[in-house]
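Heads up, the next two complexes both have chain A, just with different partners, chain B and then chain C.
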Partner chain A sequence: MHTFLTRGNALLTFTLSVLAGLTFFCFLSTGLNAYSATATIDTVKVLVKNVPDYSAQKEKQDLGYLMFDLQANLNPLFNWNAKQLFVFLTAEYESPDNKLNQVVLWDKIIQRGENANLDMKNMNTNYYFWDDGNGLRGNPNVTLTLSWNVIPNAGMLSIVRGSGSHTFSFPNEYTNVRAQ
Partner chain B sequence: MLGSMLEEFQRMNKRQFFYQVLSFGMIVSSALMIWKGLMVVTGSESPIVVVLSGSMEPAFHRGDLLFLTNPADEPIRVGEIVVFKIEGRDIPIVHRVLKVHERENGTSKFLTKGDNNRVDDRGLYAPGQLWLTPRDVVGRAKGFLPYVGMVTIMMNEYPKLKYAVLACLGLYVLIHRE
Partner chain C sequence: MVLNIATHMDYEGQHLAEKLSHIIVVVFGVIGWIIGYVNQQFSQTIMVLGVGVLIAAIVTLPPWPMYRRKPLSWRKPRKEVTTDVSKPEKEVVVSASKPKKKNK
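And then the complex of A and B:
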């Protein structure tokens, strides 16, 4: 009556349903979490150059250059269903060509167990700050914000923008020498 | 065991046989309805995708499952993980948006990069293509479930396994009596 196959089948079905139930509970328990935190951002040095972007079109485009300070304690964001944080610094501005530009300047992967209390001084950006044209020189209103994408063990992939931003303006003259 | 199942199959009369065929058809068509219904609700032409490469590690590994939505009225922003198609490539790519430029008239273009790649995706795009547009996007990752997609990867890599599983399921549904 209870053959090896029926026992194996029952065991497999039970294991799978327990796993599915636990996974669903994991998702439910953190589904309403806001994952909010505060970031303090500051720029140390801001330059703008007008050079050709050889990785894209050959015309000269505005290339921003900046160094930044960043403080944000993201340790409280980790819970039992947070596997990894993808933290990124975004520059957002308006230009004559585009009503909205968003450029990621820096990012960092923080996995569970790593120190998520960020305190950085005089950081260089990871990516070039190319504008889509010539909209950076003298731009009075460039906003830096820190956001993070919470990657769960199982569940929603939420993207949260931290409270706290820094607004700066680019100089009115291009820098001709290479940035030091 | 198989012998007894076949015996049972022979004992069925015509009416029962057609009933089983019909219920098999019901299963197939309801699966299709669920899939098409999900497409309507999420706005994505492929609401569930399996991660096939390691370019988004350590967030997504090969065999993880992603749930996609693609609301037309919600613009694409940096940091979002999008699934997009490139002309001349069969397999859609899952990468993160790095830059967005949006014009006054609402048209936008954006650039992507894999978390685990050192450079952005311009080398992966079609020759001469510098930007993606919302038309290239299949969906945006909103939910994540690990490992489950490994089943489909195994089935695609070993087609014999796929046919064996399908044959077993089909036989079971046809022969099984409530």
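And then the complex of A and C:
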């Protein structure tokens, strides 16, 4: 502490320790937050095709196609320790091959300050709804749910499944692939 | 060179400077945390803390006169220094100075 530089060094290191403590208390103030919200999901159009996924193999597989509506107000999830939300729509179903299939169909990053009150109509999926066999045609019980990660400034990366789901069934007939 | 400018404080001044800087930084940190919690903006916490660091730097980094009030009173240097190693007196002096270090 006897020269200018040692005092500056001591001040900066102490400040960093204080900042770490403040960040930790910021995490503590939000650590018990449940980050729950309700999502209303509906399907507009549901088709199933039987086409080869050339990126994997040449055999034909079931490819689901759907358009969906989604309403969810995620604004209450944001607090001073929430930097952004990663929201994703998951389809869950049982097929003869697998007890549980989970396919992510759509996702969105909502940053702090952006409008998190989602109200979407006739949305297309971001990702293909491939089954690894023929488990989609006539499947009576496919459930769509909305989940999200809350990315914090400090602390745990929480993953939350929203309450509210939508169950639909795929048609019994394949839709012919266009321009074949 | 710039670093050769005398920036030292006396011992009590150093203690006071460290205590002051800790108090200022912690107080601004707590105030910033409360402001950030109320406004739900952690960036405001960091900015208030930064203001506290600036103030602490201005108050405690330069060797203000308040940190140099109690300088150590050194003995005046002797004018004639005799360095005769062969004298037995010198050994007595060396052995006498050893217990002093232990006391510190």
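By definition in this document, the second predicted complex is superposed on the first by the 174 of 180 C-alpha atoms of A that agree within 3 Å, B and C clash if a C-alpha of one lies under 4 Å from a C-alpha of the other, contacts with A are read in each partner's own complex, and residues count from 1 in each chain.
The rule is short, and it goes like this: a residue touches a chain if its C-beta (ideal position, glycine included) is under 8 Å from a C-beta of that chain, and two chains touch if they have at least 3 such contacts.
Worth saying up front: this structure is predicted, and the values here are computed from it rather than measured.
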Sharing chain A, do chain B and chain C clash or fit in the superposition?
fit
So, A:F4: does it touch chain B (first), chain C (second), both, or neither?
second
Under the stated touch criterion, which partner chain does A:N33 make contact with: chain B (first), chain C (second), both, or neither?
neither
Examine A:S169 and indicate which partner it touches, taking first as chain B and second as chain C; both and neither are also allowed.
neither
Does chain B (first) or chain C (second) touch A:K99, or do both, or does neither?
first
Report for A:W80: first if it touches chain B alone, second if chain C alone, otherwise both or neither.
second
After the two structures are overlaid on chain A, angle v-u-w for chain B, chain A, chain C in degrees (C-alpha centres, nearest 10):
40
Counting only touches as set out at the top, which of chain B and chain C does A:T90 meet: first, second, both, neither?
first
Just to be sure I read the superposition right, which of the two partners does A:N153 touch: chain B = first, chain C = second, or both, or neither?
both
Examine A:F14 and indicate which partner it touches, taking first as chain B and second as chain C; both and neither are also allowed.
second
Have a look at where A:Q71 lands relative to chain B and chain C in the superposition and call it first, second, both or neither.
neither
In the superposed arrangement, does chain B or chain C reach more residues of chain A?
B
So if I take every C-alpha atom in chain B and every one in chain C after superposing, what is the smallest distance between them in Å?
13
Intersected contact list for chain A, partners chain B and chain C 5, 23, 153
Write out the stretch or stretches of chain A touching chain B in their complex.
5, 23, 55-57, 83-84, 86, 88, 90, 97-104, 109, 111, 127, 130, 132, 147, 149, 151-157, 159
Mind pulling up the chain C residues that touch chain A in the complex?
3, 7-9, 14-15, 17-18, 21-22, 25-26, 29, 32-33, 36-37, 39-42, 45-46, 49, 53, 56-57, 60-63
For chain A, which residues count as touching chain C in their complex?
1-5, 7-8, 10-12, 14-15, 18-19, 21-23, 25-26, 29, 78-81, 153
Would you tell me which residues of chain B are touching chain A in their complex?
1, 58-60, 77-81, 96, 98-104, 108-109, 115, 120, 122, 130, 141-146
